[in-house]
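First subunit A sits with subunit B, and in the next complex the same chain sits with subunit C.
Let's look at the complex of A and B:
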């Protein structure tokens, strides 16, 4: 939760694209941790596999979205440099 | 952004964080409602694999995983659409080069192990794909401009392999009267293994190609 709040703060208050991206990933990390923690069902029962599977899916999507954003950002920078 | 605004924003977000914590605390401390966990755990023996996370990913919620592979593919297509890749780095020195030649085969081997072990212990297509992608990243850092990937046509085929195999299996099952992505119990293990293998290769190729960062 703290990670999520820090991520939002950083996302809104920094101008640089790279910082925004990192902040966004920190936010995502916060959400993933909450999901993993929610899977806890007491000491005896095994953890709930459904949130774990969702987090696994989310990590891969986050990585690919970050890669796309980085490529777009680099491209925008190039275009700005040419002007 | 001025300092006052930054301060105000910080205070508002601290408030938001407190509200979220309070809501989460309330939701967790409250008597938990019926959860999917029991249903999932009860059906694991029929899913063809004994690792509950894999059975949720590849069997009970296979739709999610199929769409996720499509998202990864879409991201790669977006990256390729942005133009050719920047040239690679200079060739590495002898120390890095020998480390690369040691680590890459190990990563590929570990990826294969991860893929197989996903059936009964933590592991699976995504972890294995990430290892393959890491092998590509290391190759590129070691000076190979193509990150060890094959030529362009082959890369395109490999990148769609995961989504294509997944969809074809689903459609074949639908045509056989089982319903889209509803595996018959006897074949489930082999169908899942087939899909996971294709997904591993596709994810590995996609991640490495995304790292190269442009049309091959």
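Let's look at the complex of A and C:
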């Protein structure tokens, strides 16, 4: 939850793309931690597998989104250099 | 029958793969894929029409472990609208991107976008909604940046980042709900929430707030709309049409599901009122900016902000109306407004793209003579404009009429004031374009100058004005059959 809040704060307060992206990943990390914490079902019972699957999917989505944002950012930089 | 639902997603996905594998035949394969997807969507619509809501468990794994899909009347109506708009846009794109190297990139992304939108409309659990929402956002941002100009890339980078912020916030809400109820399926969760009583109220409220704020960012609800106009106005015309008419509706669809189906028992009237007021502010601000916009596509983009505002104004009215025919009417009017805006805005953007290609720019003040050079396109803009204003017999006329009726019955007269202001402003910006479009040149001999691109736009406009307005009756049957808890 703290990671999520920190992520939102820095996402909104930083101008640079790279910082925003790192902030977004911190935010995502916060959400994934909440999911993992949700999976805990007591010391003896095995953890709930569903949130783990969700976190895996979420990580894949976050990686591809970061990649696309970086590609677009590179393109924007190129275009700015040309002008 | 239940195999139909995966088909609506699988067909465009397969077509996207084919187009990527055979880039030389991209346009032909793309249109074929579009036609096949439209058929699949039509089949889903027919099945929902005949049998009521459908569900399908993928791979034989049911709730709660497996992934399931469902289609009710609301989803089927949007699915069909998506299919028609996307088909028209595909045909248009063959003309728009003819001899352009960008076509190679356009077709795979376009079909992927369509596949993820269909998956979103048919998703039956909250996590799938998140995944499809992300896919939709990624495809949309990539498509929007297709022109490669610095403005377009920058605007769409912002769109992408805003989308990521929105969907991560939404996911946090999903995590909270899962921690409280241990379920993700929408129908199952709705039961749990209704049965939960007061004990989980704080969790419900926190989750609903997080999810709504996240989605409102993606749906461009005022004041979170700042990213929309530059992103939509700088994209290539077929893409702007899809972004404005379809992609934004995806997020609105989820919000409507959340408020009317999932959290129906906990969403309070005062919270819905906040959304409605924001929607009303969006109507006034969006219409005003549209009136002041210097460029045709920017004007259309601001008008989208306004039209999305109307959809949110329905939420407090529905919350204030007790269940019964009056409430069903309001819900149907909401769907009708969403559908007719989809058709009209897509047609408008396609026509604006033609004007831009022909004139080399889209500055509204310098468009003199467009009506003489491109009569069919100007006619399209006029028709779409009349649907945006809500003149009879368009679908939005009925939608607005029912909204006024609902507002009077609920005793919330202030919505009518907003409605009137929005309508007047819409009339003003439409007529502003039309008044500039006519010049002194001689009237041409031919009505249609470029059939391949002009006809699809005209068809969309006619659907918005004629078909939806004159034949809106069946929509009630469709929604009554399938909407279940929502209506």
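The rule is simple: the second predicted complex is superposed on the first by the 83 of 83 C-alpha atoms of A that agree within 3 Å, B and C clash if a C-alpha of one lies under 4 Å from a C-alpha of the other, contacts with A are read in each partner's own complex, and residues count from 1 in each chain.
Note that in this section a contact is a pair of C-beta atoms (placed from the backbone, for glycine too) under 8 Å apart; a residue touches a chain by one contact, two chains touch by 3 or more.
As the structure is a prediction and not an experimental result, all values here were calculated from the model.
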Which holds for A:38: it touches subunit B only (first), subunit C only (second), both, or neither?
both
Just subunit B (first), just subunit C (second), both, or neither: which does A:18 touch?
neither
Considering only touches as defined above, state whether A:79 meets subunit B (first), subunit C (second), both or neither.
second
So, A:28: does it touch subunit B (first), subunit C (second), both, or neither?
second
Identify the partner contact of A:61: answer first if only subunit B is touched, second if only subunit C is, both if each is, neither if none is.
both
Mind working out whether A:52 is in touch with subunit B, subunit C, both or neither, as first, second, both or neither?
first
Can you list the residues of subunit A that touch subunit B in one structure and subunit C in the other?
4, 8, 34, 38, 48, 50, 54, 57, 61, 64-65, 68, 72, 75
Touching residues of subunit A toward subunit C in the complex: what are they?
4, 7-8, 11, 17, 20, 24, 27-28, 30-31, 34-35, 37-38, 48, 50-51, 54, 57-58, 61, 64-65, 68-69, 72-73, 75-76, 79-80, 82-83
Can you check the complex and tell me which residues of subunit A touch subunit B?
1-2, 4-5, 8-9, 12-13, 15, 34, 38-39, 41, 45-50, 52-54, 56-57, 59-61, 63-65, 67-68, 70-72, 74-75
Sort out for me which residues of subunit B touch subunit A in the complex.
1, 6, 9-10, 13-14, 16-17, 20-21, 24, 28, 32, 35-37, 40-41, 52-53, 55-57, 61, 64-65, 68, 71-72, 75-76, 78-79, 82-83, 124, 126, 129-130, 203, 206-207, 210-211, 213-214
Subunit A partner contacts - residues on subunit C that touch it in the complex:
64-65, 127, 130-131, 134, 137-138, 141-142, 145, 148-150, 153-154, 156-157, 160-161, 164-165, 168-169, 171-172, 175-176, 178-179, 182, 184
